[in-house]
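Given below, in the form of structure tokens, are the structures.
Two complexes follow with chain A in common, the first pairing it with chain B and the second with chain C.
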Partner chain A sequence: MSITTSDTALSVERHWQELASRRRLYTIGGLAFMVLALAGSLWFANESNAGKFWDRLPHLFDFVDQLLPRDGWEVWRALFDLPSPYDDGSLKYDYPEGRMYLTQSLYVPEYVYKMIETLNIALVSTLVGFALGFCLCFLAASNLVTQRWLRFFVRRFMEVLRAFPEIVIAGFFLAVLSLGAIPAILAVSIHTVGALGKMFFEVVENADMRPDEGLRAAGANWPERVWFGIVPQVMPNFLSYALLRLEINVRASTIIGAVGGGGIGEVLRLSISQTHEAKTLAIILLLFLTIVGVDQFSAWLRRKLVGDQAFAFGRGD
Partner chain B sequence: MTTLAQADVDAIAARHPAVFAGSRRKQMTGWLVGLGVVAYLCFAWWFFAIGSVLANGNWGIAGVYLADWVSYETRPRIEFGDEGLEIRYPRFSAYNRDRHPDWVELEDVRSPGVAGRIAMTIGDGSVDIAPGEVIARRGSETVTIAISPEETVSAAGPLPSWAEQDARDGSITISFGFRGSVEVEADEVKVRQRFWGWENFVFDANSPFWGKSFGEVVSLVFSDERIKPEMSNAALAWNNILNNAEWQHGDVWLKLGQTIVMAFVGTVFASLLAFPLAFAAARNITRNVVVNQVAKRLFDFLRSVDMLIWALFFTRAFGPGPLAGISAIFFTDTGTFGKLYSEALENIDDRQREGIKSVGAAPVLVQRYGVVPQVLPIFISQSLYFWESNTRSATIIGAVGAGGIGLKLWEAMRTNSDWENVAYMVLLILAVVFVFDNVSNFLRKRLTGQAVR
Partner chain C sequence: MLHIRDVTRRFGKNTAVDQVALEIPHGQMVGIIGRSGAGKSTLLRMINRLIDPSQGSIFFDRTEVSTLAGPALRRWQRDCAMIFQQFNLVPRLDVLTNVLLGRLNHRSTALNLLGMFSREERAHAIASLERLGIAQAALQPAGTLSGGQQQRVAIARALMQQPKVILADEPIASLDPLNAKVVMDSLQDINLRDGITVITNLHTLDTARAYCNRIIGMAAGKVVFDGAPEELTREAVRMVYGAEADGDEISEAITSTSAGTGMGARPRKPAPALAPAFAAH
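For the complex of A and B:
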């Protein structure tokens, strides 16, 4: 075997080495940057935190001790509002407080009712967000709207709705409407319009334009083209994104609830801050089961709607 | 749209019954779903009592709050004292008895803040205040109000449409629209004038740089004469900006930094931990059902215990601050990334792995050269995607006590008087999210060589 050392071969080799070393430089530079940024961030986070990481670490699970109820059945009693044997008149063991009576003897336990409230906040916001996002998305799609300014305007509008912090909207309406679920609905809906609108117009832009062409040839106007040409093909995807959004909104309305928007989030925050351990565990258990349930249900429905088509980026918000 | 005659439609329908029967059923489903949604929304209207809550809302105040986002009010108060008209300002105002805004003119000054006559320009009108008499002009209309001290307020002649008296001899409110209002009472006159913009945004009234034009400030900063002997003028200016009493720039930026750090560190650590765990969870990489299932259920658990619960938990453990936020994002996203990563791993192309294996590479090297090059761009691009969305989440969990700008934002909103600070922080957050969104989009495009959405 002879070793070729022609000029061409040498230059190829040199170029290859240059490329490889530049690549290595980028990788090492990127990694070094990441390590520096991470170290700086950690130092900054630790410095500006109320408790220092290494001081607090041994006490990390002190809180868990405070979370253990006096016996395992307490959790069930708290969850189903049954009277507790430890009842001493304080709020801590007064589980029957807050029952929602439907008839004389039939009641919905307090936390189940609050969970239903949170689920309804999420569902209403998803429906409102779906309706408005649906109306807006066609105006932002480049294959349906030729006016650049309109598309630009609608897209920026949706971006602002999406990026606008939810707690600010909730806080504003809490100040205007006083405490309750409606500020939470408004906050989550506004965010949902932006988030779903973005997903939707991307689906519309990937739609098959041949039905639209046919309708245009038959002289259809713009709403007819959208309704008969585009909507039937994008609807399964829209619905499936909306279901994905529902999962996110259940979580979001829990969080908004914790800052005053009512529902399960509020009672969870109160119960943690007052160290009502059995109540806290009951709420966490209920929340966990609900979220798992909603996720499973939505996954099942999405599979029915669009088959096994994967959504690459989970939350999409 | 070209339509077919009914006879033609019927003929076609008769020839292809299957096609039309199917679409009928579909149509019916559509209507039923629509009806169901409407019925549900009616239920929700009743359940949340939306109608009555909206009707009882304090909508008047909403307009003021919204106006506060982009404008500010100056509120001098003029009392009819024994020595003359005494002008006062709210406690934290930039003005005091020696310093008056330029739209307030004191005539016949007897001592600081006490005058015989005060003239003010408000919007397109003006107000002249003298002991016992207030003359307000708006456009071509004028109203003269006579005041007998401590007793009655009465207008000479009928009131114009822009002035209002609640009760006979009671106080008169003169409105200048958006620009402000003047409330004339028997013992004092309350003036509110609204201006566009943010008041004292750079320097507060206690700073030596307050009220100076940009050019003056620049020349002061570069001059050698020190305003305060212990520090240079530039340092003093910077210090004054950071410690601006009303806007608290230093604190806002620190809190914003905390939020950014929460999202960044949380996302990076979650990616680093999820990376090895995803290999254990992927059933084509680790051929052990028990290990797969344990890892996958762990991911589900981390993801389904909400970020809120983790945030409340770690706030108790670490105290309020970014450490709690970092931990909350880290725990939730380890679950999310683990799930996404393991799904990506289960979808890889097996031929590369086989190729590496066939040349006798050790198992670790098979993963390194057969699997990682395929999935790394996907992993990184998913992490980048969540980095941007976590910046938003970090704002929200901050409000429940995990620190950062969320908490500051929440505190500013609770006072109901600092809406301009809320606007400032919202703008900062929007800017950060916008920048991160673009950086993450750019990096993802570079990584995957195409537009990833």
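For the complex of A and C:
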């Protein structure tokens, strides 16, 4: 099919062909680079590993073998601190050790107590992070703050807060404040302020500015404009992000426990290193159930609080 | 008296408002007409100081409005309420709270942030809503109301500011004819009963003719017509809207948002004697 075309149309066509072939070249080049980079990284990782991956792979099953308890009930006995029939006086089978007695006969099993300790770390640091992140985020939003230096300063500050992983900050505070939950709370809070602050100010920047304009035209000052014009719009998303952060913080405070921050992570590390197989499995089971529970709870709460309005703002309805 | 002295506003190379000079006495109902991009909206926003003028000054009585800053600026913005095409309410807050937000500048920030409005203020807000016929919606979130109702809430909020001037930027452009009539009637009522100056941007000629006792036509940032509705002749309309040179008349029936007979009755308030100020070109 031949269509006679004008010079302009021909030149557009030629130009388009050029652009298309250049795009194709970039795509092929990019893919080739990706494959090379991946192969190189894997090779380097294997070289720098103590043992070679393929040589060590069969030992995976030794570990599984070591984790098997003497019988299936041992896991439950370890979890609920019930006496074991294999008790030989060693710590390995002394499950009732570590019960937290509330009254003469009523007790909280050790690992449940440690789990509550970890959950508490996560909860407190999410609340602290929410409060401080909330205060900072409005100062970092370009639609609310015209002073570039202030925005720049607040944003860099939050970047610094979230730049270091919780475990690094925790290591520092553990050295200063000694072992326990307080340094863990500090570490997780600091990271949470930075992480939530960033998400919050991005939500604020997407807010519909018409309510704000209306308030400005009525003579409202900055705090009033933020509180009445912006906060009602962004609050559902803030809560949604905070609940997500709570889930993340439960995992983070578990890990921090393993480096001395108290809670379930600490007992997990101890029982793995001492090959207390029933205790290890009990803790893993408890962790799994807790994390699933927290995720389900926060999903339910999010639905309750936010409903389906979460992402409906900015449409002017 | 609102006195606009040779005000110019430039956006980059583009001049939105070019050397506009106007005097608007207290209690007038002024309609500003012109094509989109003629600078109507920019002019209103400069009066409220949502936008700052590039040149020139704006006086209200003895106060130079165009140089105010900080609390004094916010006090002027309180005295000079603004109504927007898109209502600019807070959709998630209930109607009554939205109306009470008009009081923000009368009160201390701490009380405002705690949401502690007094009994009198609430009564006043409900009375404003009643006056506009939407008191029954007072507890709904503002976002759930229809456009016409939202615009009436916005007017109630403006009333709560106890303003001296109300600026309305295309208040009926997003409304159906019936709601447009309700909103324009309310603005007229406020103008006549409370004696508040109302300056409104309009995109329909018949609305301007029906409700305003002074019409200002703008084209390319300049004022090209300023006079009573009777003086807005076919030539004047052509000057404002820059109709084709072949003299095709702009049909008011096409642009009209009127629901028919309802709109015609402009109260015969003695129109101030104003010479039509045809611009020099």
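Definition applied: the second predicted complex is superposed on the first by the 281 of 317 C-alpha atoms of A that agree within 3 Å, B and C clash if a C-alpha of one lies under 4 Å from a C-alpha of the other, contacts with A are read in each partner's own complex, and residues count from 1 in each chain.
Methods note: contacts are C-beta pairs under 8 Å (C-beta built on N, C-alpha and C of every residue); 3 or more make two chains touch, one makes a residue touch a chain.
Just so we're clear, the structure is a prediction, and the values are computed from it rather than from any experiment.
Asks: Clash or fit: chain B against chain C, after overlaying the two structures on chain A?
Replies: Chain B/chain C on chain A - steric clash.
Asks: Which holds for A:Gly229: it touches chain B only (first), chain C only (second), both, or neither?
Replies: Only chain C; A:Gly229 stays clear of chain B.
Asks: Just chain B (first), just chain C (second), both, or neither: which does A:Arg210 touch?
Replies: The answer is second: A:Arg210 touches chain C but not chain B.
Asks: For A:Ser41, using the defined touch cut-off, is the partner it touches chain B, chain C, both, or neither? Pick first, second, both or neither.
Replies: A:Ser41 contacts chain B only, not chain C.
Asks: Is the number of chain A residues in contact higher for chain B or for chain C?
Replies: The partner that reaches more residues of chain A in the superposed model: B.
Asks: Tell me the contact category for A:Glu277 with respect to chain B and chain C: first, second, both or neither.
Replies: So A:Glu277 meets neither chain B nor chain C here.
Asks: A:Glu247 contacts which: chain B (first), chain C (second), both, neither?
Replies: neither
Asks: State whether A:Ala218 touches chain B only (first), chain C only (second), both chains, or neither.
Replies: Both chain B and chain C are touched by A:Ala218.
Asks: For A:Asp81, is the partner it touches chain B (first), chain C (second), both, or none of the two (neither)?
Replies: In the superposed model, A:Asp81 contacts neither chain B nor chain C.
Asks: In the superposed arrangement, does A:Glu266 touch chain B (first), chain C (second), both or neither?
Replies: In the superposition, A:Glu266 touches no partner, neither chain B nor chain C.
Asks: Under the contact definition given at the top, report the residues of chain A touching chain B in one complex and chain C in the other.
Replies: In the superposed arrangement, which is not itself an observed complex, chain A uses residues 215, 218-221, 224, 313, 317 for both chain B and chain C.
Asks: Inside the complex, what are the residues of chain A that reach chain B?
Replies: Within the complex, chain A contacts chain B at residues 34, 37-38, 41-42, 44-46, 48-51, 53, 56, 59-63, 117, 120, 123-124, 127, 159-160, 163-168, 171-172, 174-178, 180-182, 185, 202, 215, 218-221, 224, 251-252, 254-256, 258-259, 265, 268-269, 272, 284, 287-288, 291-292, 295, 310, 312-315, 317.
Asks: Under the definition above, what is the set of chain B residues touching chain A in their complex?
Replies: On the chain B side, the touching residues are 1-2, 37, 40-41, 44, 47-48, 50, 53-54, 56-59, 61-62, 65, 254, 257-258, 261-262, 264-265, 268, 300, 304-309, 312-313, 316-324, 326, 336, 339-340, 343, 347, 382, 385-386, 389, 392, 395-397, 399-400, 403, 406, 409-410, 413-414, 416, 422, 426, 429-430, 433-434, 437, 452-453.
Asks: Going by the contact rule set out above, which residues of chain A touch chain C in the complex?
Replies: So the residues of chain A in touch with chain C come to 208, 210-211, 213-221, 223-224, 227-229, 232-233, 313, 316-317.
Asks: Write out the stretch or stretches of chain C touching chain A in their complex.
Replies: Where chain C meets chain A, its residues are 48, 50, 71, 74-78, 81-82, 84, 86-93, 97, 101-102, 104-105, 109, 112-113, 143, 154, 157-158, 161.
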